[in-house]
Amino acid sequence: MPRVKGHEMKDIFVSSSPHIHSPEDTPWIMRQVIYALIPGALIGVYFFGIPAIRVIAISVVSCMVIETLWQKLMKQDITIADGSAALTGLLLAMNLPSGAPWWLVVLGSLVAIILGKQVYGGLGNNPFNPALVARVFLLISFPVHMTTWPAPRAFFSQAADTVTGATPLGALKTAVFEHGTITAAPHLNLMDPFFGNIGGSLGEISALALILGGIYLIARKIISWHIPVIYIGTVAVFTGALWMMNPNLYADPAFHLIAGGLMLGAFFMATDMVTSPITNKGKIIFAVGCGVITVVIRIWGGYPEGVSFAILIMNALVPLINKVTRPGKFGAV
Amino acid sequence: MKTFKGGIHPPEEKELVKDNPIADFPLSSTFYVLVQQHLGAPAKPIVKAGDEVKKGQVITEPLGFVSAPVHAPTSGTVKEISKMVHPVTGLLAPCIVIDADGKDQWADGLPLERDPSVMTTEELMGAIKAAGIVGMGGATFPTHVKLSPPKEKTIDTFIVNGAECEPYLSSDYRLMLEQPERVLGGTLIAMRILGLDKAILAIESNKPDAIKLMESKAPPQIQVETLKVKYPQGAEKQLINALTGREVPSGGLPMDVGAVVQNAGTCAAIYDACAHGIPLIERITSVTGRGIKHPKNIKVRIGTPIKDVIDFCGGLNDAAKIIFGGPMMGIAQFSDDISIMKGTSGVLVLTEKDTNISHYSACISCGRCVEACPMCLIPSTLSKAGEKSMWQMALDNNLLDCVECGSCTFVCPANRPIVHFVKYLKALQRAANAKSKGA
Amino acid sequence: MVGGIGFVAALILGISAVTFAVEMDPREKAVLDQLPGANCGACGFAGCAAFAHEITENVEAEMACPAVNENALKAMSEILGRDLGGGAAFIAFVGCKGTPDQTITRYNYVGPRDCRAAQIIAGGSKACAYGCLGLGSCVDVCPFGAIHMGEDGLPHVVEAKCTGCAKCVDACPRQIIRLIPKSGNYGVGCISKDLSKDMKQYCKVGCIKCGLCENICPFDAITVSKDSSAVIDQSKCRSCGLCVSVCPTSVISFLHTPLKARVIVEKCKGCGICDQVCPVEAITGKPKEPYLVNESKCIGCGLCIDKCPADAIERIVS
Amino acid sequence: MYYILLIVGAALVNNFVLSRFLGICPFMGVSKSIDTAVGMSMAVIFVMTLASFVTWLINDLLLIPYGLGYLQTIAFILVIASLVQLVEMIIQRVSPPLYQALGIFLPLITTNCAVLGVAILNIQLKYSLLDSCIFAVGAALGFGLALVIFAGIREEFELNNIPKAFRGTPIALITAGILSLAFMGFSGLVK
């Protein structure tokens, strides 16, 4: 008796259950994160002008080209359509100063895509956030290039664009280092960093734009609130406590939240799904860890900005956190 | 409104067929009655080619306690005992082919007229067993086994599952709306067998008219409970957890926490068996989905060939998938040489747009499946282990707790077939156990 | 003075050496070095270390490791001081020739690319219940890379690399792959048990059980029955090849069809990489000009094919 | 407060594996699974503390008075070797599975540059006996921390499909590189 009496319907599909699927897929998620990053990028372009566009363009294009080349060479199927390379490129660009030379950006993309992701087996297999791996790699290999912050000026004003100013955190670090108190740092009204009128990497300057992007992501349920809220909360509480203890040695928490890369880190870097814990409890532990290390490096460490290092170190702890925060067994016997 | 942890909100798509009243299905010319229509030990045909059979006459004999007999859906002659594709396994299985004589003549004495309230529990149990009643939700577990838990298990709650959380389907909904007496009657019978004085009838809040009707008709001992609309609310472990807060122990059965769950359709069949001695030869099925021209709820005989059902509902229009059961846990069919079974709660025909046939990509650990999983598992780890056939590692991650409800696969942005990986890992684990026991 | 420290330390160690004594047989270590170390589990033990322990301790333990070569076998016999007997060398053979264009598939399968996974959903997409699904479970489990998926959608065994560890035999959900002694020369490319009139509906290259091979074989080494495809008894088969000539659907194939490599002249850029990787120097040529494969020398291992950047080398049956 | 800074300095800032790049071979060898990593860390903590305690005493009582400073390295190695032998026996008796898992790496602690490094650093940095012991504990904790974190990551690699060319040690070396990049964030923490 043959298996089929010639009744099979050739073009019918058969798969295991379930047979329906939610409309959200990986490319959709990556696109939403890119849309959320656009306000921050625009503010960067507004304040740093054409060089910012140049850096973003080089970074995104080179990331995509490198990924395609790698996958062709390794005879793997090309996954450029999922937009993860473009997202990594954009994130990397926002971590670089707009004055970064083109070869630095290309090298950063190379490190981000190859060392950060493809060598581990492509999307979803990398333990560290690719954009951060590239940023820290560049920060340590080319400290000079990575810390020349072109001064921000309105897009249309003709002021000379070679003037370099320090980032607020950088000024704070030198002040404490030389005079032992923060009062020596140039006074900063908090509105400037809020809207972006400060030195810094081209993507991290405007806290407002990044917060807007972050809220969009949380509203669209792309990321859960746990990591950004707890991360920023930990930094606020920690710096607040220190500020209470000794106001002229430690800056006030509002400054710490708005200045530097905290907003970009908390909303876009730490919440990278591949490199953050999978359970909500794990996300809370991860965020607290990031917050503590960020403040420790900012206050006592050698580098003015601790966000990148904190997130990378916590990325390393994610497998352990996942193991510890496994959900309890249903009906544990 | 009560509910459980985890779960997802798939688009309900019930409006396609929700408001169509149950249509009577014309008698087919030939019936293909599968011998194995239940979960458990196989049964043996007791008729041979050429025999005359009457409607409701028993035609197979169960081998073993956990088994159920099958009955002739109509009067006619047995053409042959041959093989056809079994909708659940996809392999060839024995089936009894009956050519209907059109008279639709009941077997001698049926349908009886008797009052279940005066019958003893042994008589009730005998009637259920003889009628071949099985779980109609889709699991098809023999009902007489479920209603006779071992002595040491004390049962204090009887739950009638009217949740019908699967999208597209509305057979239980129409049953509760149009024939509430059968459901309530069956519930009372089951309560008497289990020796309980109260029961819970659980219905999801997206069926308000059914809830109102049941509340008005239900005797005081049957309490109607409204549940939040969430998939998989109708799964046994989730239903018990939502209504009683108890958690069925891992690897255990509902009776371990003193609960017995029966589908609303099964209760209706219990009533017919006890009150009228009618065996399970007919059931209500939703034929729905955008791949079929006129979706209908039909009262159809077991063994009716699927071709007749599709023609009755206007035929297919660019069908990509034909599924027995709901979209979340139903089984995709590939041959139209199959027939309606006792467990076919729905015939769902999906177009390419409604179903999911794209290839899967790498897991990005986004955690949506962890939030969706009602059994508190980490589906992403199971799917990665599945890709590498690492069943030992999956066992350490509570592989056997998975009820294969499909919530994780529904929400997974990378389109990963996690349920398929789980089924594969379970198959590997069973093969390894058999080999180690055998070796 | 250093001697002093040495002496004190030796004293402490001497005492503790007695209290914590656990000894291990040095021969076990030597045997372990001879084993291939692939931990493939074909000997039935968790890995090579476990097997080495067993064969050293238990005197009657058989040499169950198929993947061991002759000289390693001799070395182990000396170490253990007893003859371990020759591990009969086996090679995997794929019992199906049903390429996608010669057979009918019942539905479009959507799901993981693995035969074992496809088999549990509706019994596999191929109409023939015994045919190869071509999703490569055997390729994934082979620890020696000795089996690969050809363009015709069927697995091909590279004789040079196959050690007969039988992992692919267990992996195949339809038991299509079987172990045949290397000495044997012919294998039947079909294991279908369906009657030929039914099989014709969905496969043009299966064994139609006509029995011609059975009649013609002078050594009655081949048997066919109504519900079982032709089976060759390798001990009786003298590899005369008569059965191959009469088989109407050419199901029986020469086992050692040494797959040869051949350079596609128009694609070859003359980079010479194939010449460097070839273990038997079967490829010659001048840079920038198409290279040439010497078919008599070539053992068909396929290294050149894997390494060639221009995909300019193809596998052919000599 | 000073001691806490000492331990944090040794464990995080100039972590033995990630900043000073000492003890890389057991770091690569034993980090296949978390439980062997924990077992190895325990063994290293025990050996390092005892070794620095004993070596400091030997250095202070024997080597300096008799002006035998040049014998420093050999004497230290001798002490460490005997300590490792002791630990090896204890572990073999107490938990054979751990012994099997650690395998060759347990005797390897003898030649482990991290352990010898602690002993010599204690002398170079002119720590007192108590300081050198605490420094050793800090260093061992740093080594253990890095090992367990690294083992956590490598266990995840079982599930990833890393390209064939990178499987095993190559991917481990790249990951260790990035991990040390991350730990460089702590530099300058303790003056």
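Going by the order they are written in, the chains are A, B, C and D; count residues from 1 in each one.
The definition used in the following text is that a residue touches a chain if its C-beta (ideal position, glycine included) is under 8 Å from a C-beta of that chain, and two chains touch if they have at least 3 such contacts.
No experiment lies behind these values; they were computed from the predicted model shown.
In this assembly, D is the chain whose CA centroid lies farthest from the centroid of subunit B. Distance between chain centres (mean CA atoms), subunit B to subunit C: 45 Å.
One inter-chain figure worth recording: subunit A and subunit B are separated by 48 Å, centre to centre, where each centre is the mean of the chain's CA atoms. Between the Cα centres of subunit A and subunit D there is a gap of 33 Å. Shown for subunit B are the residues that touch two or more other chains, namely 90-91, 331-335, 356-357, 387, 417, 420, 423. The set of subunit C residues that touch two or more partner chains comprises 106-108, 110-111, 121-123, 129. Multi-chain contact residues of subunit D (touching two or more other chains): 160-161. Viewed as a contact network, the protein chains are fully connected, with every chain touching every other.
Of all residues in subunit B, only 89-91, 331-335, 356-357, 360, 386-387, 389, 417, 420-421, 423-424, 427-428 touch subunit C in the complex they form. Remark: subunit A residues 1-4, 6, 8-16 touch subunit C in the complex. Here subunit D touches subunit A in the complex through residues 34, 148-150, 152-153, 155-157, 160-163, 166, 171, 174-175, 178-179, 181-189, going by the rule given at the top.
The residues of subunit C lying in touch with subunit D in their complex are 1-2, 5-6, 9-10, 12-13, 16-17, 19-20, 22. For subunit D in complex with subunit C, the touching residues are 58, 62, 66, 68, 71, 74-75, 78-79, 81-82, 85-86, 89-90, 92-93, 96.
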